[in-house]
Each structure stands twice: as structure tokens, then as C-alpha cells.
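Letters A, B, C and D name the chains as they come in the text, with residue numbers starting at 1 for each one.
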Amino acid sequence: MNRLAVELPGLSLKNPIMPASGCFGFGKEYAKLYNLSKLGAIMIKATTLETRLGNPTPRVAETPAGMLNAIGLQNPGLTKVMENELPWLEQYDVPIIANVAGTLMEDYVGVAKSISQAPNVHALELNISCPNVKQGGITFGTDPVVAEELTRAVKEVSSVPIYVKLSPNVTNVNEIAKAVEAGGADGITMINTLLGMRFDTKTGRPVIANVTGGLSGPAIKPVALRMVYEVAKHVSIPIIGMGGVSTIDDVIDFLSAGASAVAVGTANFVDPFVCPNLIEQLPEKLDELGFETVSELVGRSHRL
Amino acid sequence: MNRLAVELPGLSLKNPIMPASGCFGFGKEYAKLYNLSKLGAIMIKATTLETRLGNPTPRVAETPAGMLNAIGLQNPGLTKVMENELPWLEQYDVPIIANVAGTLMEDYVGVAKSISQAPNVHALELNISCPNVKQGGITFGTDPVVAEELTRAVKEVSSVPIYVKLSPNVTNVNEIAKAVEAGGADGITMINTLLGMRFDTKTGRPVIANVTGGLSGPAIKPVALRMVYEVAKHVSIPIIGMGGVSTIDDVIDFLSAGASAVAVGTANFVDPFVCPNLIEQLPEKLDELGFETVSELVGRSHRL
Amino acid sequence: MIRQEQMQVVNQQQIATNIFELTLIGQQVLDMKQPGQFVHLRVSDQMEPLLRRPISISSIDKETLEFKMIYRADGRGTTLLSEKKPGDQVDVLGPLGNGFPIDKIEAGQTALLVGGGIGVPPLYELSKRLVEKGVKPVHVLGFQSKDVVFYEREFRQLGETYIVTVDGSHGHKGFVTNVLETLKDDFAVYYSCGPTPMLSALERMYPEKEGYLSFEERMGCGIGACFACVCETTKKTEADYVKVCSDGPVFESGVVRV
Amino acid sequence: MIRQEQMQVVNQQQIATNIFELTLIGQQVLDMKQPGQFVHLRVSDQMEPLLRRPISISSIDKETLEFKMIYRADGRGTTLLSEKKPGDQVDVLGPLGNGFPIDKIEAGQTALLVGGGIGVPPLYELSKRLVEKGVKPVHVLGFQSKDVVFYEREFRQLGETYIVTVDGSHGHKGFVTNVLETLKDDFAVYYSCGPTPMLSALERMYPEKEGYLSFEERMGCGIGACFACVCETTKKTEADYVKVCSDGPVFESGVVRV
């Protein structure tokens, strides 16, 4: 028995660690550093119907124990992702979670319908929480009615289970979580970035060309953990947790709070080997804590 | 002319730097370290009608570039604050901003009515955003209708201008800001803490006895700056900005984003002399940036 | 007077597994009055880790302007502290709090000093002061196991010393209370610092004795302003609560509800 | 191959006001192929500052396994980097990107190397390689003022060198373009690294010439995965965009829209 294995809707993960969407491209760059088959799964960069060139630069800025980004969903578009990126990833024994984004509901439906048919796409992640595009994105993620509707529409056309990615920029995350569960979501991924800004102190100008950006990294971990902990109490579908994970203790904390698996975003930039390193450290950590399997650990904070 | 001076409703500040509520007690401890008359103002610890003993300990936990707290509004209560704390502070030439908290609207009204009559209280800060008490606090701060109503009720009884302290734990901070402006607020203070958690990795238990706590410190600065920048666009009353201020550049950034003055919270714990140090550094920084007065700098990011 | 001072590392030495003794030099030493006071340290100029760390003063030398601390490198902050080398600067806020009163005991009397683990260090300066005064100290010091025992020789030089380890790998086996049960209770005052269960065991054991206990609590400011380190009190005091950082860390036995 | 390696500081030296030369040793040096490549450095083990810093390789010595960088200590990260001492470790990800092609020019030909400020360093390794190959380099190096000029002697040893300072405090006064206007344009290829306005001035000045320009952009990953460092392109290439970190930082003139 593989003690790190986790079973989730559509996903038989050999371990609970995966790179977060947008922080790993479509895997090609990290494939030069290590074997991608080591990963539990890969959340690929957001895919939209059409090619997107994203926002002007600067697109990133450093903040205390975090960073801002406003990439603006740059991606080659559905067709090229289906033709080039996904087939290339087939050489690895790793399930792909396709991050789906768009401006209108039809865009999400269109991307979801096609991309869910790729043989190695085992689940979709509906990005209703991207703070860096003017329309769509986060607006879907802050209104429970709209979130539920979108979830339902995508669920109808998808050939694989769907996970909805929640925004932390809301008053009541449980409400949104319950809405997407009602809409038929098979799981939840959370959290996306917090909206933030950095200024160039000399000029007073925002550093990010898009003015605001999404805050990620260790700085947001307390917020992410709190939201995972709360949502875990309110829904019965599984959660893939993320937000500031960089150490093995962070992984344990997210699992304890109720996440069934953990995604790693910003930390890939700090240490490109962070995912395989965490996977390697996990068994020893389980031993240290006296747990036989990852699954036993999931949600333990709620059972104390 | 004093180039650091700032005029705000009820407040003639000799400089724009003041300790944030809850991070400075009622001033006694810091008075042993430096002369409190140096400060622009002092935001005293939240005062409630009755004595409060606060939450169980641990009440604080460190997080990456930040900290969580769940003090739970511990304070000696209105009567003792009026009898002991405020009169003691009269020896200093510094305006006091009294942070007012409660469970019911009547509590706020009661505290506001009395405390606004203390001779050295020049303004009130309505704490509708404390995440660490079960009732009141943040619930007032997340619903625009309730926020407006509370503001209006307090405005009616207060003998000094009132500032309303906004919570960052909302989907749309502008909406709340506009509501309190409509309710008659003379100014806004922002931001209070973000709701967060930390876990003890060994046991899986939340470190904070209250389970969740409020996140403060440099980690939240990007969120605070973004919210100040946005709210400054939507209201015409002044803003006192806070959230992660620890360096002179942070002060400049908040002023640039649209705050008329800046409060310093967590940084007092890291460097107890941070407020006088920032005040001392400010003139040189103005020279470096080519500004004659603090007022010229306020909101410059909006004029670029 | 409380000062914030960049103090210089004179010596850093590992004295047991993960236990370090750090010697700093600076003017602040002149203000260190009582054994049992502590300092609040910044372990890095960077913003992470952010908060100061409270560490007890374990010995003071006013002539050389040096003081020592003994600490366990455990979490992020203390690990970074253990990497400081002679010549490095450490930002020290102190001295803080109220320590062990030595005016409550007289020359010729016996004092019982009970320490647990990383609570042992402040007892060292205390014992030195008591000995100077002509008081006879009896030390009962508990540790997890042999590899984390420190300062045995130093305490023995000052007086009768019993070492207790949980696993029995050094000295007596068990808890300090196991040894205490075998000792005469002809002491005038007891002083203790260590884990809270140990402190409360002592209170139960010596209900009639005068005792002074040093408490630990998570801290923010370290100077009494933030209400982080508050403890509930008993009827023994009029105060509704006490703050470990500024009212303590040492309280008379029975004051803090344990 | 890209490696992540803990490399050791061999030397750290201030060579002009706020300008430091840092020498590191490690296996990664063996993989450093082209002048103009860069490394992505972690300046601290702590979580703040969080991101790596991109710094160009300024010279490579495969025999000693050492390489040098020259950087300005300016913000938080580079200031921390400047505090590293011999024996300290630095976490280096590299070598990254595509540097200046030296196969585009032949022995006996002349190459024009134009550097601005902190863009000068990668030109040093480039010039050494060109000289090795028998190419004659002409260096035009612009700085703000005398106090931040560095490596003048080193460049002079390799070939004709013009120093330009904005305030005229050393060498010629003005911008590099002021000197370039006075020079013959009998060079085969030009290479440049420096502020974007300088790069675009060169493109306008030498529209017919083959040129290679090194660009800067804010980075996240440094390896092509995050889309942080994307530049718009012109019709000269089929690509809709290029990434500075993995497609560049060096591009043929005219490719990047400036």
C-alpha cells in the first residue's frame, strides 16, 4: 500500500503534492529539472478559448514574505494547449488538472467541454477567482448565485470531475463553497490570491503595470489555512488546499485543516525542486507524527 | 510652518504618525521609553462599556512576516478608562483617538457618548472590524446597511468627529466605506486585521486558543495599500491608513495611496521606538522625494 | 530602565544537545537588577521571523558588562539565534519584567531552587545572589535526558544539587517531585522556573511555604502594552489578571491560576 | 543543464560606490556556456526577501570552478547579498538563459560592445571570449558618474575602451551615443547590455547592423514557467512574445519591441 496515496474524484494521486496553476506553466521547464511523474498531479496554467497575451509588464513584485502577480492569464489558447501542451505531458505518468478560465460563461463551458476530453486531463479546476483580468475571473467567484450557475453549466459539459477554485477576497467564503457544492462541484481548490498592491516609493506609482495584483506566498498562509479550515466544516466535497505552502510543516497544516491534497505555487520560484522535496520528506514526517497514511491526517484538527 | 502637520476632522496632528489601537495599550508602557508628546496622536486600546477579560491564551502567534492575535478586546471598561487612563494621558500634548467597541449598537452609543467628552479625546474610532469577538465587532463591519446605521447612531451622540475602522475581510470594501460616509463618518481608518489561523504542526491544534486570530504586520501591507488606494477613490472623507507599516517607505506608500495619516501597529512590538523613529525620518524623506509638506504627498498616486 | 540596544556577541557555545549559551556585551547589563528578569531579542533584521523572542537572563557580570543566556535552539527564531557568531550584533530589549525577590530570605536560611529544562537558566544567577547573601541553596533540576543536562558543575559549586532525568539516563530517574519527596522541607522559601505542570505540582506540594514561580506565556510587546501574555489570577490578589511580561514573569505562589 | 547549488563565497569586494564584485565557487561553473547568461540567487534562507534575484555572470573560470558577478547593492536583496562573506553559502540557480552569440563574428573582425551601468558586467566575459577568438573589441561604457565606474582597466586590457559619464566626472561627458557618433562604424556586430532607452537608441543608430541586445525584466521563476518576464515582439519573429529569462536575456536587435 502506498501511504501517500490519496483518492479524489477523478484523481488517483500517488501523493498529495502538486504544483499550483500558473506557477508551473505546462510543465516543460520543470521537466528539465526532475521527472514530472514524481508529482501527485499537475495543475496547468489557466487555459482560455482564445490565445491571451496577458497584461503589460511589470507583472510581478515582491512583498514581505510574498509576491504580487498580474500575469493576466497569458496562455496559448485552447487549441494549442490541446495540440501541443497536453499531448507532450502524456509521456509522464501524472494526472493533469486543467485550469479553465474565461470572460463569459460560454467561454468556460467551451474550454471545459473540449479540454475535459484530453486523455490525461483527469479533472478541471474552474478558475472563478483570478483577480487579474478585468472581466470574468474573480467576478464569478464573489457572487454565490453566479458561482453556482457557472459550476452547473460546466458540470453539464465536462467529461471529468470539476473542482472550483475559490477566491479569498470575499466576506463569506463558506457561502461560495456551499454554492458551488450545490452547483455540482466535485471538489474545491483554494485559495487563489489576495488582491494587493505595491508602490514604487520614489515615484508613487504602482509597481505592477496592471495596478493591482494577486498576493501569494508564505504571507497569505494564515488566511488560506483559516479558509480551508472553515470550508471543510461547511462542505462535504474534498478540498485541495494552497496558499503559501513551502515547507513540509505547511503541508501537514493544510492536511490537518481539512485539505485532502496540497498545491504549491510561489514556492516553486524560490526553490524549483520544492515539490519533489516535499514528496520525499512526507513519509518521514508521517512517521514523526505517528500517522500511517496521509488520509488519516486529513482533517485531524476537526477531530481533536 | 510645520511641514509634517496634518489637519483632519477633530485632529490637528503635528505629524502623521500614530500608534494603532491595541498595539500601544493606553500609552503607559511606551511612555517609559519616550515622550508621548512626540506622536501625531494615540489610538488607545478598544474600550467597551464593561470590563473585559478577553480570550484565553495563547493569544498571539507568529506567521511569515506577520502575527496573529486574538486578544478579545481586553480592557478595563469605560469607567476605568475615563477615570484612570485618559486623565493620566492629559500630561502629554497629544490628541487621543478613542477606539470604541461593543456587542450591541447600544454599547457603541453608550461608550461613544461618554468617552467623547473626555477633554483629550479629539476623535473616536469605531471598531466595527474586530475579528476576535464572537458578537459585534466584525459583523458590523461586513454589512453596509448595519455599518451605516451604527455610524449614524454614534455620530448623533458623539461630541467629537468619528472615524470608522474598516475590516479587510469583505468582498467590497468600497461599499462599506461609502456606507459609513453616508452614515456621517468624518473619516475612515483602515485596515483592521485579516482573519487567519496557525496550527501547531505536531498536534494539529490551532495555536491561538480562540482558534482564529487577526493577521497583522508586513505580510498584510499589500492588501492594506490596495484597499486604501481603492477607498480613496470612492469617498471624500480622509483616511488614516495602517497595516504592516514598519519603515519610512511604508509611510510614504500609504500617504501616496491616499491616506492622510498613518498608524503603526505590530511594528511597535518589533521596535518599540518605531513611531518616534519614523517621525524623525520623515522630513529627510520628504526632501529626498522633493516634497515640501506631508499634505502634498497625500494621494499622489492618484494624480500621476 | 528598559533599553533597546545593539549588543555584541562575545561568545556562543553549545553546552548540550541543542542547548546554547550566548554571551552578550553592552550597557544594558548595568540595568539588570534581579535574577529572573528576561530580555526580548530580535534574531534577525529581516521581517521573518518577525517577533522578538523572550529569553531569561542566566547570569550577569556588571564588571565586564556581559550577560549570559541559555536557550534551546528549537524553532525558527532560536535556530537563527544559535547561528550568531562572536562580533555579530543582536538587538536586545531589556531588562524586562520582575524577577525573583532575594529580599524575602535571610542569610543562614535555606532556599529550594527547582528548575525544569529550559527553566533552569535563571536559577543560576538567582543561586549566585543567594549564596552571596549567605543563603544556602538546594538545587533540584529536572531534564528530559542526559544529553540535555547543562550547568550541573556550576550549580554544584554553589550548593547541594540533585539532577533528575525523565528517562533516568543521568542522576535520579523521574520528575523533580520524585526527588523533592525525599528531601527535608526545612527551606524558608522556594523558587522555581519550568513547565507549568511542574509549577502547579510545587504549589500543591508546599501549600504553606512562601514560593516564587516564573511563568511563560506567548508574547507580543514584552513590555505590558498588548495584553498577549495575560494570566488569570486567584483570590490571592486584587488584580483581575496579571501580565507575565511586566507584572511577572515571577509571581508569588498561588497568585496565578494554574 | 540548469542546477540548483549551494555555492561558496570565495571573495566579496566593493569595486565602486555600492558596486560589488562577488566570486563564487561550485560545479555549476562547468555548465556556464555563453557570456550573457545569468544566475538566479537566493540572498537569504528566510522568507523575506522571498524571491530570487537575477544577476549576470561577468566572468567564468572553468579551471578554478569560480565565476564572478558584479552588482549594485541597491534594494533589500542586493544589500543582503553584499553582506555575504567568504565561506558563506549562496543558493544559486543557473546558468540561465541564452547569452551573446560569439559564432556570429569571425576572427579579424571588429565587435562593438556597448554597456550602460550595471549592464556592463556581462560584456566583460563576452569581450574575453571575443579576444580569445581573435575578434577586436571596441568598448563604449556609460556610467552615471566617476564614483560608479568599474572595470575600466580590465576592459582596456582587452581593447579600445571609451568611458562615458553622464555628469562628465570621468571620461567623456554625456551618453554612450555621444561617443558612438564620433566612432567609425566599421564593426561587424554590436553587442549591448544596459537600460532599455540605450538599447533602443542603438537599434535606431545602427538599423542595418547585426546586433545582440540583453534585456531586463522583473522575474518570478527565472526558467520560463511563470510568464512574468514576457516582452512584446516585432514582426521580425514569428513568436507572439518572448520570455527574457528563457528565450533571452539576449535577443537579436529588432526582435523585442522597445
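A few remarks follow.
Everything that follows uses one rule, which is that contacts are C-beta pairs under 8 Å (C-beta built on N, C-alpha and C of every residue); 3 or more make two chains touch, one makes a residue touch a chain.
Just so it is clear, the structure is predicted and the values come from calculations on it, not from any experiment.
Counted by C-beta pairs in contact, the busier of B-D and A-D is A-D. Using CA-based centroids throughout, the chain positioned farthest away from chain C is D. Note: centroid distance chain B to chain D, computed from Cα atoms, is 47 Å.
With centres defined as mean CA coordinates, chain D is found 55 Å away from chain C. Between chain A and chain B, the centres computed from C-alpha atoms are 34 Å apart. Computed centre separation for the pair chain A/chain D is 36 angstrom, with centres defined by C-alpha atoms.
Shared interface positions of chain C, i.e. residues touching 2 or more other chains, are given as 47-49. Looking at chain B, residues 63-66, 217-218 sit in touch with two or more other chains. The touch graph of the protein chains shown is complete. Across the interface of their complex, chain B is touched by residues 1-2, 4, 42, 47-52, 77, 93, 217-232, 240-241, 246 of chain C. Per the touch definition, chain D reaches chain C in the complex via residues 44, 46-49, 80. Residues of chain B touching chain D in their complex: 64-65, 218.
Residue ranges of chain A in contact with chain B, taken from their complex: 63-66, 68, 142, 169-172, 194-199, 201-206, 212, 215, 217-223, 225-226, 229, 244, 249, 252-253, 256-257, 289, 297, 300-301, 304. Listing the residues of chain A that touch chain D in their complex gives 22-25, 28-30, 32-33, 45, 51, 53-54, 57-67, 69, 71, 74, 217-218, 246, 266, 268-273.
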